[in-house]
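Think of it as A, B and C in the order they're written, each chain with its own count starting at 1.
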Amino acid sequence: MKILILAGYWILVTILGLLYMGIARKVTARIHNRYGPPFYQAFLDVLKLFSKRETASHGVMHSLGPVIAFAGISATLLFMPLGKGAPVLHFQGDLFVVLYLLVVGPLGMALGAGESNNPNATIGIARALSLMLGYEIILFMATLPVFVHYGTASIYDVIVKQGAFPNWAGLKYPLSMLGGLIALHGLLGEKPFDQPIAPHEIASGPMVEYGGKYLGLLQLWHAIGIIVETGLFINVFFGPQNIVWFFAGTFIVFMLAVIVNALMPRFRIEQAVRFYWGVPLILVVLGILQYYFWR
Amino acid sequence: MVNPILIIALLLLFAFLMPLLGLLHRRLPAFATLILPAFNLYVAVNHFLKMDFIPVVIKTGGFRPPFGINLAVDHFSLFFLILVNAIGVFIALSYLLEEQDYRFHILFLLNLLGASGIILTGDLFNSFVFLEILAISSYALAGSRKEKPALEGAIKYLIIGSIGASFYLLGVFILYKVTGTLNIADIALKLQNAKSGIVYLAGMFMLVGLFVETELFPLNTWAPDVYQGAYNRIAVQFSSLISKAAIYLLFRITFLIFDDPLFYKLLLVVGLLTFVVAEFNALAQKDLKRMLGYSSIGQMGLAVLAFALYGMISHPEAFFAATLLIVNHAIAKALLFANMDNMSENATIDIRSVNPFSSLMFAIGALSVMGFPFTLGFWAKIEILGILLRTNLLFLFFLIILIFMVEAFYYFRVITNLFRGETVCRRLNPLLAFSLVVFSIFLVYQGFYPIFTFSWLNRALNALLNKAIYISIIAGGL
Amino acid sequence: MYNINLALLAILAGFLTFFGALSHRVLRVASIVIGIVGTLVFAFLYLKPDTMEFIRMGVFAMSFNLTDISRFFLWIIISAFTLSLLPLIHEERSPFFYLYYFLAFGFASLTIMANDLLTLYMNFELTSLAIFAILLLGVRGDIKKTALKYIIYSLVGAYFYLGGLFIKFKYSGNIGFGGIQNVSTLTQIAIYTLLALPFFVKIATMPFHNWAPDAYYSASDSFTIFFSAGLSKVGVYGLVILMLKTFAELFKSNLYLPEIIAWVGGITALLGGIYAFMSDDAKKLLAYSSISQLGYVLVGLGLFTPYSFSAGIFHSVAHFVFEGVLFTTVAGVIHRLGTSDLRRMGGLIKKMPISFIGLLLGIIAASGIPPTIGFPGKWLLYEAIIMKGDLFLVSLVFFASITAFLYSYKLVHSIFLGKLHKEHRDVKEAPAGYVVATIIFLIPIIVFGVFPGVIFEKIYGFTKPVFNHDVFFTFNSLKTQIGFVKIPVAGIALAAMFAFSFILYLIAGRSYRAKQEDNYTAGEWVDEDFASHYAQEFYGFMRKAFGKLLDLSAEKFWNGVLTIFKAFSELTRRIYTGDVRDYALYLLFFLIVLVFLVGGKL
């Protein structure tokens, strides 16, 4: 029974993720003053990719890369509550489990991309990992005051204890929330933080040698990833009290990111990392200090 | 039991007989040189083990003290006698087959005579005589190598040594004038309660003389040159024999006669300065023998420092630490210097060509001087740190530890080079190798189980500390 | 009685191997095998809690005792030793090497079994000496400088320890592990720092870590396995004993000391990680990784809460396991390739698949991903720091753990992924010894990762008397006041999702194998020799990001200290001018000083 519910959640998230991706392309297009593809384009893409009759692969590890990436993000999804009332597996694991499982996906991807025998792929991975040095720490420091405030390391407990507007943690700790938002932008890999992908520069980085079903898996990975990443932010700072609010929140945050993405160019990688150590770091440090001195 | 005076008599006799022996057979002098210290060792050990814990007076010429010259034998002097003659045996055995010039053997026997005489005598002027014998034979030995560095060292030693000896004699005269006697115990008796100012002056003069022989700052300036220039066996003699006899005299006279805070404080400062300056100088050295020479000087300074702490803490452990250090140093330095024969001429600290045996011997000797665990030196170091802490002078305590680190650095610098150098197999003198092995085994064995050394040491120190008995018996004359 | 015999047996085995190695290759292998088997059999049969006194001299006796803590760490060392001997079978070394190897193990065991501070010191020094001897037989790099650096760092630490030992003796009247009463906090902190210093050096805490990268790089590769996985635990053991037995009260009551030590550990973890991913040599990278991981251990131990302390000890076990497997696989690669330079490797996954799996699981554990052994320690550590309220510290530790991803990927990519170089076309899988050791290491990586309770139980045994805390673990889950994790669930979730993902992969179309050169090159024509392996300056762009941080060097500082000493020695050297007239003047001046001293009495 539990498995059926989990499966249901998974399908819901995948579908909504793909929907988000499609809407994102539409929004971007409109900002660029063109029509853009239909909002269900992502579904078409995935279907097309999976229906390819044969795909090129550079070896076992190369093939397994997207498989592991997809597995990783799906497993992470199982530990990510979808707002109050959809606890999934939260009883068995808390924030740190999510944070570390979140790495499994990129790691698998990294292993696979490394086997591409294309330097672009490895450069992309190297950049992705280095970028982590930037946003991951900011994200962590942003969420810290909230967790300690409610005395728990479980994401679900944080949602429950927050309650509805106006008791949102994001309003109690606005600076942390802002820092977290900037970090989320990096986590999502939207411009100006899309150095790992950098389509014009390193030919999509890790994805350069992936086509067909691999690329399909990667698209699914991206879709679920969007929900999981924005979901983390929304759960911690805006405690959605039911699943509808959860998806509404993630949608708004994601669209924010898409709009910024459409308008901004790309930083250089070291600029991006250093950027995070500047203003965002100050924001989250102030947030932590706020926890210490002014609860 | 054999009368200890035979030690002195026989040494003197054979020293004079050497040329004759040399004529009889080429090898005879060398054998005589081996037999005599061995005989002395036997006598000394015999007395050490069998004698009661009462000092013994040996009269000469039938005169009772305090009128005649007498020998004073107690466990403390016997201990040093054993040490000095053991080193004598070591040197004689190691170089037995090599040295055929009888003149060396004369000098060696005279040197041993001076050392044994200093240790055995109970008369102050007698001590000067033996000190001079020791010094003059040392001058000659230091210069026995006919090369510039050795000769230079010998001349410097001669000059400084002579001046020092003169002042020692001056001190002796003053004491004679003040007390009317030359018997050490008697002088101690007379000066026990009231010391007039002039006595202090006499003491200072005598110390100047002794400081030269015991290689203390700032009168040890001759020592590095001698250690660097002289033959290796002479270096062994200086580090393990000559300075040890001299330091015996220093300890004995200070404790018996000049048992006064001023003297202990002076020894403390001089010892500390010697130790610090010498160890830092060793750090700056490129020549290996000179480095070892500075290390010797440093250890002497440390021994005197430990001894002087008695004045602050009045705890016999100070003497224990000092004497243990002296024993360890004598043996370890003998090992190190004699081992230099196995290495190339003019070895520097960047030594390249080595042979595995000599590297191992060097390592063991160095580890013992450094006081690495499971060598005899470790126990010496522990004792010294223990008494340092008793003084509650934390600054001094940490300063000494700091210097230990410096010592470790320059020794390990050489050890690293030794064990990474290219291997060259040199022909080893078998007797030398044997002696080296015996000494290294002793150091390590005593490192594991130092009971043997400790018990002998305790016996010796009990005798030293029993000042009252010493004075009453020797001055009273049995 | 029997416990000492383990060490003595090891030393004897060392001599046996020495003679075996002198004679014939077969005998060498045979004696190593005998050594392994003998040690294991003995350990299983005879290791029991027991006290023993050796020599007694006045107030001091050399005494040994096998306590719970000792046994715990002893098992780590025994395991590391035997596992490192397996690859050693394939390496040709001088006979003395084997002797020193067994000696190092023997003395390390004795150190752990020591029952008082002086015995610990003596055996610790001899362990350092044995390691020094092994480093002198190193295989690459500036061997003299490396060995000298190692022994000097160790000795300086040990001398401070000796000072601390005596001061402790002065205040407490004994040299055992008991606490000190009636002394001011400052004195206690001073004594603790003095005593703990050699152990900080041993676990390469910054800024005393400079010996480690060179030593790991230089030493023979199988020895590095033992060195990192086993011998560093002697340092951890020393710290654990000091904190649990001697200074427990100090740590519990003082506010600042735990924080300072934890922050030192955190900075070590971070900087170690950064230097690791900026390294271009496999062994140096692993050396810095080891330093970094031991930094986490120090954070756990230093913070001194029941959870953090347990986490620290658990993570040191994890360190043994995953650093062990990392060094083993890298040793195998170096053995086959003859180089340890990451820039010259690549694509070995095709040739050395088992080593790849070993390394992969090793880096997954080093990154702390569940359900490997690297996760529980880190999880508990984070929870502990948050419970203490140290938000900046936990951020530092988290930051440090991200660097682990960077160097892990660099390692696995540079060696195993990417393009196989032409000269490595004929490389075979690592020899049997390496492979067997790798496989054996992999078992605890998963088993203790999923069932950490087994180890936590042992740790609880000796931490409960000090902290008096409740059980926070079961066989396979951990629970603190703020969080809960049931590890098998994470593992099952991953496995299940992987299975699902794999099914998706299978049902969708088929894949054909494309050649290496059949690749996206933006329209350029390329042939086989096209340089498509990204290995030079892997994270080079981060240099600009870090800027001046990478110029900070503890080594420059310590070299500066040494220069000051040498300058002072040059000064004192000049006193001995070489001119005898000066010497005579010294005598005169000295005499005048003496006369003045006496002047008052005249």
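To be clear about the criterion, a residue touches a chain if its C-beta (ideal position, glycine included) is under 8 Å from a C-beta of that chain, and two chains touch if they have at least 3 such contacts.
Keep in mind that what you see is a predicted model, and the values were worked out from it rather than measured.
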item: Central chain (by mean CA position); value: C
item: Farthest chain relative to chain B (centres taken as mean CA coordinates); value: A
item: Whole-Å gap separating chain B and chain C, where each centre is the average of the chain's CA atoms; value: 46
item: Distance from the mean Cα position of chain B to that of chain A, given in whole angstrom; value: 80
item: Distance between chain centroids, defined by C-alpha means - chain A, chain C (Å); value: 36
item: Chain C - residues contacting chain B, complex; value: 55, 57, 118, 121-123, 125-126, 129, 133, 136, 143-144, 147-148, 151-152, 155-156, 159-160, 162-163, 166-167, 169-170, 565-566, 568-570, 572-573, 575-576, 578, 580, 582-584, 586-587, 589-591, 594-595, 597-598, 601-602
item: Touching residues (chain side chain C, partner chain A) in the complex; value: 347, 349-350, 360, 364, 367-370, 375, 378-379, 382-383, 386, 389, 391-392, 394-395, 398-399, 402-403, 405-406, 409-410, 412-413, 417-419, 480-486, 489-490, 493-494, 496-498, 500-502, 504-505, 508-514, 516, 518-522, 532-534, 538-539, 541-542, 544-545
item: Residue numbers on chain A that touch chain C, as the complex places them; value: 50-59, 61, 63, 66-68, 70-72, 74-75, 78-79, 89, 91-97, 100-101, 103-104, 107, 110-111, 114-120, 122-123, 125-127, 129-130, 132-133, 136-137, 140-141, 144-145, 147-148, 151-154, 203, 208-209, 212-213, 216-217, 268-270, 273-274, 288, 291-292
item: Chain C partner contacts - residues on chain B that touch it in the complex; value: 155-156, 159-160, 163-164, 167, 196-198, 200-201, 204, 207-208, 218-219, 221-222, 224-225, 262, 266, 276-277, 280-285, 367, 372-374, 378, 382, 385-386, 389, 394, 397-398, 401, 404-406, 408-409, 412-413, 416-417, 419-420, 448-451, 454
